[in-house]
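Each of the next two complexes has chain A plus one other chain: chain B in the first, chain C in the second.
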Partner chain A sequence: MKKTYTLAMLSMMLAAMTVWPQGMTSGTSLLKRVDSLVSFVDTDVSAEYRIDKRDPGGSTSTTVAAMFRRDRTNQFLILILEPIADKGKGYLKEGDNLWLYDPVSKSFTFTSAKERFQNSSFRNSDFNRFNFSEDYRISSTTREQLGKFDCSVLDLSANNDRVSFPRVKLWISEEGLVRKMEDYSLSGQLMRTTAIPSYQKLGDRWLPLTMVIIDNLKFRTIAGKIEYERTTVTVSKPSLKRLPDSTYTKEYLEKVSR
Partner chain B sequence: MIFFLALRNLVLQRKRYAVIGIAVALGFALITIISGATAGALGTVRDKAARYFAGHISITGYTPDRAQRISDPDRLIDVLHRTVGGIRTISRRTVYYRQDAKLFFGGESIRQRRLVGIDFDSESQELRGMKFQSGSLDAMLGDGGIEGILVSQTAADLLRAKVGDSIELFLTTDTGQYNTATLVIKGIFQETSLFGFAGYLRNQDLNALLGRPADAATDIAVYGRNGVDLVRLAQDMHAALSAEMAVFPVLSSKSDRSDALSSGLQEETMAIMTLDAHLAQITDILDAFTAISYFVLLVFVLIVMVGILNTYRVLVYERTREIGTMRALGMKRPSVIALFVCEAAMLAVAASVIGLVVGIAGLWILGSINFGAIAAAAMFTNAGHLGFFVDGSATALNLLAMIVAVMIAAYGPARNAGAIKPADAMRTNS
Partner chain C sequence: MTRRCGGLLLAALLASLVSVSAQDAPPPDNVDSLFDTPPTDTVVVDSGIDYRSLYDTEEKIKTSGYFKAMGGAAVGYVRWPTLDDLGNGFASSIGAYAEAVAAFDMRPSSVAHIRGEFSTSFTPATSPFSWDNFAVDELYCDYTVQDTVFVRIGQFLSTWGQGRLFTPGDLLSDSADGFSMRLSMPTVLNGISAYAFGSGHVESYGDLSYAAKTDAIVLDTFLSAALRYRYADGYKGLVSIKKVAWKTDLFIDMTGNYQQDLGYYEGVAGFFREWDDLKLYGEYYLKGDEHGLTDQQFGVAIGQKNIAGTPIDVGIRWLHSIADGSGTVLAALSWNPWKYVTASIGLPYMYGTIGSYYGLISAVTNDEDIQVQSLDGYRFGLIGSLLLKVPF
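For the complex of A and B:
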C-alpha cells in the first residue's frame, strides 16, 4: 500500500515536472510570437494615430499624430497634426531618450516615455513595439473566452525594474495577437485596461487598427454607473515604406514642424 | 522749563497743530501697517516653508548618483542630539521630489509638486500651526495615520474630495516602476499657494510605496529653539556633522546647492540649508516690496515735512507777539528755537502714538479681510487672512525717525522765530 502510494506520488511529480516546463516553454514562445507579430525590425513603419480621449462625465479631446517607427534601432518620431494649438509639436525617441519639440519656442525638452501622450491614457511608450518576452516572465497561464476570441491568458511579472508596469495580464488570441491587456501597479492595483479588438495586416505582421484604453484610476460614478476615462486610438494609413535615416533626427522634426 | 512750556503751548495751540498732527498720525499709521503687514507676511511664509522644506534647518543627503538619501539617519540624529545645543525638534522625513506624483478621485486628478513623508509623532508640535479646513493633524498621529494623507484645499477642491474619502495616489519607485496606493484623507489644510501642491503622509507609508526600508529618510528636519540664531545653529550643526561624514559648507541658496552638486560627488554628502536659504527668492520679493513701500513712505514723509515747514511758518508768524513777549521777558534765542522744536517733537510723539493705535487697528481690519480670491496673496496669507506682527524695536526706530523728521521740518521756522527782535514783534498787529 505504502509502495503503491509512493509510486503514485512519484509518477504525479514526474508528470508535473514534464508538463510545467512545457507549459512555461509554450507560454514563452507564445510571448515571443506576440512580440514578433507586431515588430517591424526589417523595415520602417508609419501610420496616422487618432487619439480620442473621453473624460468620465463627457468632455472629449482629440489628437491626431503621424508616427514613424524604426524598431531595429529603437527609434520613433511623432508629429502632432491636430489640434491646431498643438500642431507642429513632436516627439523623437532615440534609444532610451525621448525629446519633446515645441515649435513655438523652437526648443527640445527631455521627457519620459512613461509620460501620458497629450494627457491621455495612451503613453509615449505605447508607440513602441511590444517587448514582453524580454521584460517579463510568466507567472501563470489559463484559457478564457473573450467575446469571439478563444484566448490564452498569461499573467506576467516584470523580470527587471525598468518596465513601468510590474505586472501585466495578456489575453492572446489563437493568431498570437494581444486582444486585451491589464496593467497593474507594484501594489497590485489595476491601473489600465487596453482592448485591441481589431488589427490590420501589413505583410506578414500586424498593426492594431483600434485600441480602447480604460484608465482604471480615473473614474466617476454617474447615475449609479462607474464611468472611466476612456481613450480610443485609431490607427490608419499604415505604410511599410523605408524612410531615410534623417527622418529620426532633431533637424527633421524641426523642419517638418514649421 | 522748556519742556513744560512746550507742553502747555501744545495743549493751548492744539487747534493750530491739528493738521500737522493728523498728517503725522496718518504717516505713522501707514508705516505701522506696512511694516506690520510685511512682518506678518514673512512670518506666515516662514511657518509654511518650515513645514514644507523640513524645518528651520534642513539636512538633505545626496548620493554620487544624484539620488536623495540619508543612508544612516539614526547616526546623524544621534550626532546632533549629542553635540549641538539650541535644537528643539529633530525629525526624519522622506521627500518625494519627482513631481510625477498624482492624486486621483472622482474622475479628476491633480499632480503633486512633492509628497512629504513625516514622522508625525515627532513633529506634531511643530506642525500645530497648520490651518485645517476640515479634519486635523491629530488624525495622523499614532496608528490613526496609517494609510492616511493630508491634502491641501487646492487639491481637495479640484478633486471634489472631503475628509474620509479614499483617494488613489500614483507615484514611481526609485527604479521607475509605477506604484499606487489607496489613502484616506485625514485632513484638508488651508493652502492654495505653491505650498499647497504637496501631500503629507506617514514616513513609513511613503517609504513602503517607494520600496525603501520603513525608517529610511531623505531629509532631516531641525527646528531651533525660540530666539536661536539659525545661521549660528546651522554652523554648529555643520561643525558637528563634518567630523563624522561628508557635508557641504552651509548653503545660502538653492543656486549654491546646484553649484555644489554640479561638481559631482565621491560619496554621500549632506547639504545643510536654513529656511532663509530656501526662501531666498521669496524674501528677495518681500525685501523689494518693503523697499518700495519704504520709498513711498519716505516720499510721503517728505511731503508731510514740507507741510510741517509751511504750517510752522504760519504758526511762527501768528505767534510773533507771543515770541516777542517771551524774548522781552528774557528768553534767549536758543531757548525760543528749543521751545518750538520741543513742541514739534512732542507733537510727533503724540501723533505717532495715535498713528500706532490707528495702524494696529488698520492691521486688525486688514487681517479680517479675506484675500483668498487673490492668487498672488495665497503664499502670504493663512486661509486668505493676513497675519501681522508689530515689532517693538522696529516701531521704536520708526518713532525716532518720525520725531527727527518733524524736528528737522520745524527747525527752520523755529530758527526764524528765534531771530525775531522783541521790539519788532511787539510792533506787529497779530
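For the complex of A and C:
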C-alpha cells in the first residue's frame, strides 16, 4: 500500500514538473508580450488624462492632465490642466525618480516616496508603461472567464522593491492586454483593483481607453452598503508627436507653470 | 492643560490612522460586471496634438490674484506663572492683517514668457489704514534658446537645498528681493545652472553674488554640487545627496563657508515619508568650525489632512536645540468650513531658559504686536485665527 502511495506521489510530481515549467515559460513570454504591446519605444506619446475620483459617500473631484511619455528613456512629464487652481503644477519622472514642482513655493521636490496622483487611487507609476516581465516573476497561472474575455490569470511576485505592490494578479485577454489587475500587500491584503474594459490602438501599440480603480482600503458603510473610493481614468486624444529633449526637464516644468 | 490638549490631538490623530486597519476587510467591490458588455477596443488615429501649446501659447496673457484678510486672538503666558501669582506673565492680544496680490502672465511666443506679481498690505495695529505698502514680489522674463538654453532675467525666487525645517543649503535665500540672471542647460547631466544676482545694497559688480549648481542622478541617487561667491561673503559650497529607501526620502545637505582664512560648516540630514494624507519628516542640523561643534538642533513634524474624512487638518512640529536645551512644540489645527474661509487654532509651547535659542523672543520683547504675530512669543497659550482668501 505504501509502495503504491509513493508511486502515485512520484507520478504526480513528475506530471507537475512537466506541465509547470511550460506554464511558466508561456506565462513569461505572455508577460513580455503584454509589456511590448503598451510600450511606445520608437516615439513619444502624449494624451489627455481625465481622472474622476468618487469618495465613499459620494463627493467627487476631477483632475485633467496632459501626459508626455518617452518609453525608450523611461521618462514622463505630467502637467495639470484642471482644476484651474492646480494648472501648471507638474510631475517629471526619470527612471524611478520623481520631481514635483510647486508653482506657489517655486520649488522642486525630488522623491520616489509620493505615490498617489492628486490624492486619487491612480498612482504616479500608473502613467508608466507596464514592465511586468522585468519587475515580477510568475507564481502561478490559470485560466478564467472574465465577462466576455477568456483570460489567462497570472499571480506575480515582485523581484525588486521599486514597484508599488509586492504581489499582483493579472487577467490577460487573448489579445495580450491586461483587463483586470489586483494589487496585494506582502501579507496578502487586497489593496487595489483595476479594471481596463477597453483599449485604443494607436499605430501598432495600445493605450487604455478607460480604467476603473477601486481602492480596497478606503471604504465606508453607507445605508448598509459598503462603498469604496472609486477612480475612473479616461485617456483621450493620444498623439505620437515627437517632442524635444527639453520637454522632459525641470526647466520646462518651471517655464510652463502659472 | 496644553500638554493635555496636545495629548488629545495626538490621540485623535492616532485613532484616525488606525481606524481603517481596525475594521474587518469587507468584500471587494465587484468590477467584473464592467466586462460583460464592455465598449469595443478601438483603433484611433494619431491626433497630432502638441499638448505643449496648451501651456506655451494658448493663453497669450492671463491675470490672476487674490485678496486675503486675517483676524486673530491669542491668550497665554509669555513667562511661566508662579503659584502665588497666576496672573504673572499672562498676556492676551488681538490682531488683523490684509493683503491684496495681483499677477500677470504673458506668453508672446513658445520661447518667451514674462511674469509679474505685485502686492500691497496693511496691519491695522501697526500701520495707517491705507494700502500704501506696495511691493514687487516678482517680475521676470524667460527666454529659451534652441530648446537647450533657458534664460531668466529679473526678480524671482529660487530655492536650493533640501531641508524643510533647517535650510543651510539654500545658498540663494537672499536672492528673491534683488535683480537676478539665471542661465540653465537642462539637458546636460540632470541640469546645470549659473546665477548672478544682487542682494542688499548693490553699487558695483563687486557687490554681486555669483553661483553655479549641477545635478546628476547616479545609481538612483540624486547628487548635487553648488558654489556661490561674493566678495564680501567669500565662498559657500553645497553638496547634496538624496536617496529613496523603503519608500522614504533620505537626504543630506553639507555646506562649507570660507572667507579670509575663517571657515565654518553646516549640515542637515533628514527624512521624509508620505502616506495618503499623512506626512512625516524629521531633520538634524549641526554647525561647527575649527574648534568643533557650535550648534546642534533637531526637528520633527507630522501632518494629517482630512482627519477621519472631515475637512480638518492637524499638524504638530517640535524643534529642539541640543546645545542649550530649549525648544518649541506647536500643535495646530485648521478647518475649512466654507469655500475661501479657513479657521485655525494653534497651541504653542516653549521651553528653555530666557535668552536660550528658542527662548530669545520672550527675553527681548513684551511688544504685543510681535506677540500677536509670533506664536513663539508665548511660553504656552492658545491662538485662534480666521482667514478669508478670495481669488480673482
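One rule holds for everything that comes next: the second predicted complex is superposed on the first by the 237 of 258 C-alpha atoms of A that agree within 3 Å, B and C clash if a C-alpha of one lies under 4 Å from a C-alpha of the other, contacts with A are read in each partner's own complex, and residues count from 1 in each chain.
Going forward, a contact is a pair of C-beta atoms (placed from the backbone, for glycine too) under 8 Å apart; a residue touches a chain by one contact, two chains touch by 3 or more.
Keep in mind the model is a prediction, meaning the values are calculated, not measured.
Once chain A is used to superpose the two complexes, chain B occupies space that clashes with chain C.
Of the two partner chains, chain C is the only one that A:T249 touches; chain B does not reach it. Applying the stated contact rule after C-alpha superposition, one finds that A:L217 touches each of chain B and chain C. Within the superposed three-chain model, A:A158 lies in touch with chain B and out of touch with chain C [touch as defined at top]. Judged by the touch definition given at the top, the superposed model places A:R230 against chain C, while chain B stays out of reach. Within the superposed three-chain model, A:M191 lies in touch with chain B and out of touch with chain C [touch as defined at top]. Note on chain A: of its two partners chain C and chain B, the one contacting more of its residues is C. In the superposition on chain A, contact of A:F68 is made with chain C only, not with chain B. Judged by the touch definition given at the top, the superposed model places A:F110 against chain C, while chain B stays out of reach. Where the contact sets of chain A with chain B and with chain C meet, they give residues 55, 57, 114, 161, 189, 217-220. Residues of chain C touching chain A in their complex: 20, 25-29, 31-44, 46-52, 54-56, 62, 64, 105, 113, 115, 142, 144, 147-148, 150, 156-159, 162, 184, 186-187, 190-191, 217, 220, 222, 242, 244, 246-249, 272-274, 276-277, 309, 391.
Chain A makes touch with chain C in their complex at residues 46, 48, 55, 57, 66, 68, 79, 81, 85, 88, 94-97, 105-107, 110-116, 119, 146-149, 161, 175, 177, 179-180, 189-190, 193, 195, 197-203, 206, 209-210, 212, 214, 216-221, 226, 228, 230, 237-241, 243-247, 249-252, 255-256, 258. Listing the residues of chain A that touch chain B in their complex gives 55-57, 114, 158, 161-166, 183, 185-187, 189, 191, 217-220, 227, 229.
Across the complex, chain B meets chain A through its residues 104, 106-109, 168, 170, 172-173, 175-182, 209, 211.
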